[in-house]
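These are the structures, in structure tokens.
Next come two complexes built around subunit A: one with subunit B, the other with subunit C.
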Partner chain A sequence: MQNERSRSRRWFLGLGAAWSAALVACQSKTASPPPAEPRALGAAVSPYGSRSKFEKTARYFNQNTKVPLEEASSRTPLHETYGIITPSSLHFERHHSGVPELDPATHTLTIHGLVGRPLVFSVDELKQLPSKSRIHFIECSGNSGGEWRGGSTESDVQRIHGLTSCSEWTGVPVSTLLRECGVDPKATWVLAEGADASKHDRSIPMKKMMDDAMVVYGQNGEPLRPEQGYPLRLLLPGWEGNSNVKWLRRLKVMNEPAMSREETSKYTDLMPDGSARQFTFELEAKSIITRPSGGDTLVAGAFCELTGIAWTGRGTIVSVEITTDAGATWAKAELQTPVLPIAHTRFRFPWKWDGKDTVMASRCTDSTGYTQPPLTELITVRGMNSQYHNNGIQAWKVASDGKITNGNRA
Partner chain B sequence: MQNERSRSRRWFLGLGAAWSAALVACQSKTASPPPAEPRALGAAVSPYGSRSKFEKTARYFNQNTKVPLEEASSRTPLHETYGIITPSSLHFERHHSGVPELDPATHTLTIHGLVGRPLVFSVDELKQLPSKSRIHFIECSGNSGGEWRGGSTESDVQRIHGLTSCSEWTGVPVSTLLRECGVDPKATWVLAEGADASKHDRSIPMKKMMDDAMVVYGQNGEPLRPEQGYPLRLLLPGWEGNSNVKWLRRLKVMNEPAMSREETSKYTDLMPDGSARQFTFELEAKSIITRPSGGDTLVAGAFCELTGIAWTGRGTIVSVEITTDAGATWAKAELQTPVLPIAHTRFRFPWKWDGKDTVMASRCTDSTGYTQPPLTELITVRGMNSQYHNNGIQAWKVASDGKITNGNRA
Partner chain C sequence: MATARKRLLRVAQGVGLALLVAQGFPKVAQDFSPAVLAQSPTFGVGHAPNPALLQQIDIDVTPDGKGLLPGSGTAAKGKDVYTRRCETCHGPTGTEGPQEILAGGKGSLATPKPQKTVGSYWPYATTLWDYINRAMPFDHPSTLTPDEVYSAAAYVLFLNGVVGEQDVLNEATLPKIQMPNRNGFVTDPRPDTPIKRK
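Take a look at the complex of A and B:
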């Protein structure tokens, strides 16, 4: 009882100054009676649920463009998603020729080239093989690409950074399939090709294929969504989105890269000396404050929780630091546990804005010891013609009226 | 180079006898040309995705019943879901008066009773407070309840065990809210009440509320689904589903349990001596083989992967063992990592059926040292009138023609 009493006394303690302020609005409404609630039966059970009619959150895509919407991208509403799992319906999209409608009863995956025994797998056959599930992010290498030239005019986190999402993927290790085909010892690359009209393809080093690549058929517990490659996609943990070939139809084992269109004219990084970095697959450590963020308005003196996501293609996020004084000081954010490798990592940081204009930003460090750099450092090395792989620090400007805008804009 | 060469040589190695057999079907189709694929543009990007038209997997509910479908349950297709995240659209349902349609702009949560300062929170106010996300299962205490009396006539894993699902939940710790209200030291219980027509309610011990209870508004990255309590539900990690009150409208702080209908006439366990166990919230360690399972047919001599889920309301799953010889021997299954506390844990076990009739089953052990018991042991202690909290071992019978049926049936 003594113990119970001392425990109970602890329950008296409030949140402290920090959060009491945030509850001012609530206090003003104390002791009102509970509102009227439904008295009639609600809806029945259903075979396959859908979200509330009151929820309208959507992927963003530019509808005022000459680019056909079949060859476009849509972006995840990072400011309106929670935790680390991206809802499948809001996973970002990037298609080169639209979403093909593939029948899983007839779609196949062929493995051929420098193998002793070429094989054709049906989707059902793949589902019989030893499987794995992993929670991993996928990010488009063009994410945040508009920021290279002094900051884009885009103002919100969805439009600037919404080409990253995180799911639980289920499938078969590529190594299982390649071993069964008997790979020629001379083989060093594998061409992965999709079944979309553009036959999107990328050459992937054999080492990655054997290390942790997967042919996945499951996303967040159910079959892949059509826009994520249904019925099969390649998953290359931590590597740029376009190499995770969707609607996967073919793996050709080779002893050199195919030098296809997507790895020559596209998806290379033009350097200041005119040369192009090629096969820059790996995504480096990156983080963004997602809420509050561009388009939101802060209230002076009110506490709020800064939250966002950090991720790295090379291991695990070990720390996220926050500055709310334009980089003069940095303080550690809390990381949501468990922190998973090559996955979005949620961070949180309590903050009270003092009403003066400032800049806030996050930077993360991964398990290799690498720290997310300022964008200016990337520009010093890569120049202004490189538009992929921007993992620079995202700054948010806070004006004295509380309005938040893109702080990368000069 | 030497290194590269020795690595390459490893790629020659096949799967070994174990999996080669599973690929017989594939081998017969070697070297056929890749099938014809779409040559026209596919579908455009879209604001909110949906699953492929080829996918029909659904929650199961009994439509030939006198119970109204507003006061019913629907069950997760455990044999057709992957990994550990249950798709929100396939999360099991159990409603006492249907799914109310609640407007998040007007819905509120009231905290009153033995508090110094009663408070009313809007949904938006709750979303401003310090948040947490956790991946946890929710299981109905009535799950597998039909098995007590010698095994139900239900034959598949969805109908027998489909009242468990696992999601990433996001919300505010209840302790944050109660501390702000200033809880009376005499308070020992909290009545949680929903806004459905039945005003479903349960009394929850204060200790649980302060330890790890949450008021959640997010599920798998987006707002709660209507059938999971939109816009707010109580989350009590590891405690029976009905105590995780949905459509949460009120928390009343008390110094005794309310003894409401749901905790007196329902959700108690009738023991052999005529007394009833009450407030048996905690869910004990349990596991099931989900695939192959009841309704599937095995092929003799072909390898297959046995897979399933294990979970416990008290910590973490530390091992899952499989028997394929009716309990004579048990062997450890592989656990998918990371193993998360109070979450579904995926296990996998390769097996080649020899064509003789047998019984297969799984049993798990959790971090408290507790091992899932045979159902007969539960019956010895609790008798045959107890229908909740069946965490006994689920046996699957394999007939000599390969057909799998409910092995609990005497």
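Take a look at the complex of A and C:
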């Protein structure tokens, strides 16, 4: 069945059949002695919770770079988060000119342009309108971008793929707001603009705005974090991160795209013939094994659960397949319910490692019938300079000493 | 929940906007200014923008030049603006960095080492004006006068050989500039991988 294709392709490392049918396992934990009976009171109640002092999980960002940290990225520790919701404090960041400090008492959203009735809404007024809560991922289109040129064997899942996060977002459908403003039904584009220093702006097709776009103020049950656009951001389910404009201050209804810097010179995909694809909004189906992954060490013979996340900007994940024998065979992983549209989907796969070199990977299929391709197939079509929108299969190489490294570099 | 349902019922029964505003949204009801005419018809929130404030934030510029502010500049004048406000990040000739490379890269897009500069990649001169005006200099955005923006844009275009040193850029001339990569962009054709694996 699907194995025939996989065998014929040998897509990641060109590995021979000698590496097939490996059984693999995770590192075992040493047991620690039980704690003494508590004889002292614990801490009192507190107004706002914080995590245990023993937990150190953090976003990763490169501090030794010429890129100013105000326009840098920080990446979600995908290997150290569980389930499908990313804690707000660990949601990835990508700013273009720093995080502005906006007062919700004075910040407003202005809707104007091709509307019968331009309107300014306060944050409080938006909160009075009929609301919706939806669980959606946001992924930066530059996520996994280093892999176009082979990536680094030293890299791990956080550094390669940490520009995706998933939250429950609460807000108002943009369609509600546009209708209240008497939008011109023939208008085709809406410019969304932030109140950050660079006034980050993207032109969005009207169809998306009327379909499922939202102006959100809530994230995981509380107000948006400043890094995520407090007090208001645009949410375009399944579309590349930077189009979900943070610190949203303005929506202008237009009949053409503004051709802003971020939709011409940036976030466009350069092809081998020198042309560039523009307005590449949807994020295609993608999955990654997040644990164990690059940097982890396996122990032969011990039980090990492979787990990871899958997502698609075009609908719902319907299946995730795992190979632990370098693509010779694929078997279905279990999907954790609920499986939600345009959301991270958690998958699991029980496993044991037999101590031999191998490659493990996941691939997903979404509700449109599209299956995540090998990175080599994407490179065949798009070359190595497209920089953005890499949804290719992530291969993890397992060495005979159990060490896992990035296996995309053949 | 129950209150919300009651509100909806009232609307459905045609009790109307006045009651909805008065009972459902007391903050608005207390403020019956002339702006109420511009409020959203269904929910009675929002107000008409103050024209002066709207003008302040309505900064975008489209390829036809709509949105450009009155003013003018030349590359000759722009050299001074560039040296004072741009050179630290972009280098003496726009090719040195340490930040974004602005000039050069002509003919490099289809090679293994493409250089995406204003001259080699950007399709519209209006985008350059807009971006300098909205976001540059990086640490002091929106501090250049319109004349300085025209001049800085002219200088960057001059470094790329797109305009001459004395060419005057203004609301009329800037949108007419034909950028070298104007026709370099195509729309998204994905999915583009050869096999859809059912």
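The definition used in the following text is that the second predicted complex is superposed on the first by the 372 of 410 C-alpha atoms of A that agree within 3 Å, B and C clash if a C-alpha of one lies under 4 Å from a C-alpha of the other, contacts with A are read in each partner's own complex, and residues count from 1 in each chain.
To be clear about the criterion, contacts are C-beta pairs under 8 Å (C-beta built on N, C-alpha and C of every residue); 3 or more make two chains touch, one makes a residue touch a chain.
These numbers were taken from a predicted model, which means no experiment stands behind them.
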### Task
May I ask you to decide whether A:S97 touches subunit B, subunit C, both, or neither, giving the answer as first, second, both or neither?
both
### Summary
Partner touching more residues of subunit A, subunit B vs subunit C, is chain B
### Query
Touch check for A:E282: first (subunit B), second (subunit C), both, or neither?
second
### Query
Of the two partner chains, subunit B (first) and subunit C (second), which one does A:L129 touch, if any: first, second, both, or neither?
both
### Query
Which partner does A:T376 reach: the first (subunit B), the second (subunit C), both, or neither?
neither
### Task
Classify the contacts of A:R51 with the two partner chains as first (subunit B alone), second (subunit C alone), both, or neither.
first
### Query
Which of the two partners, first being subunit B and second being subunit C, lies in contact with A:T307: first, second, both, or neither?
first
### Message
Tell me the contact category for A:T329 with respect to subunit B and subunit C: first, second, both or neither.
### Response
neither
#### Entry: Which superposed partner A:T264 touches (first subunit B, second subunit C, both, neither)
second
### Query
So, A:A197: does it touch subunit B (first), subunit C (second), both, or neither?
both
### Query
Overlap of the subunit B and subunit C footprints on subunit A, residue-wise?
5, 68, 71, 97, 110, 112, 117-121, 125, 128-129, 179-180, 197, 199, 249-250
### Query
Given the complex with subunit C, which residues does subunit A contribute to the contact?
2, 5, 66, 68, 71, 96-97, 110, 112, 117-121, 124-126, 128-129, 179-181, 191, 193, 197-199, 201, 249-250, 252, 254, 256, 258-261, 264-265, 268, 270-282, 284, 365, 369-371, 373, 377-378, 380-382, 384-385, 389
### Sites on subunit C touched by subunit A in the complex
25, 27-28, 38-43, 45-49, 54, 57-63, 97-99, 109-110, 112, 114, 116, 118, 121-124, 126-127, 130-131, 134-135, 138, 141-142, 184-198
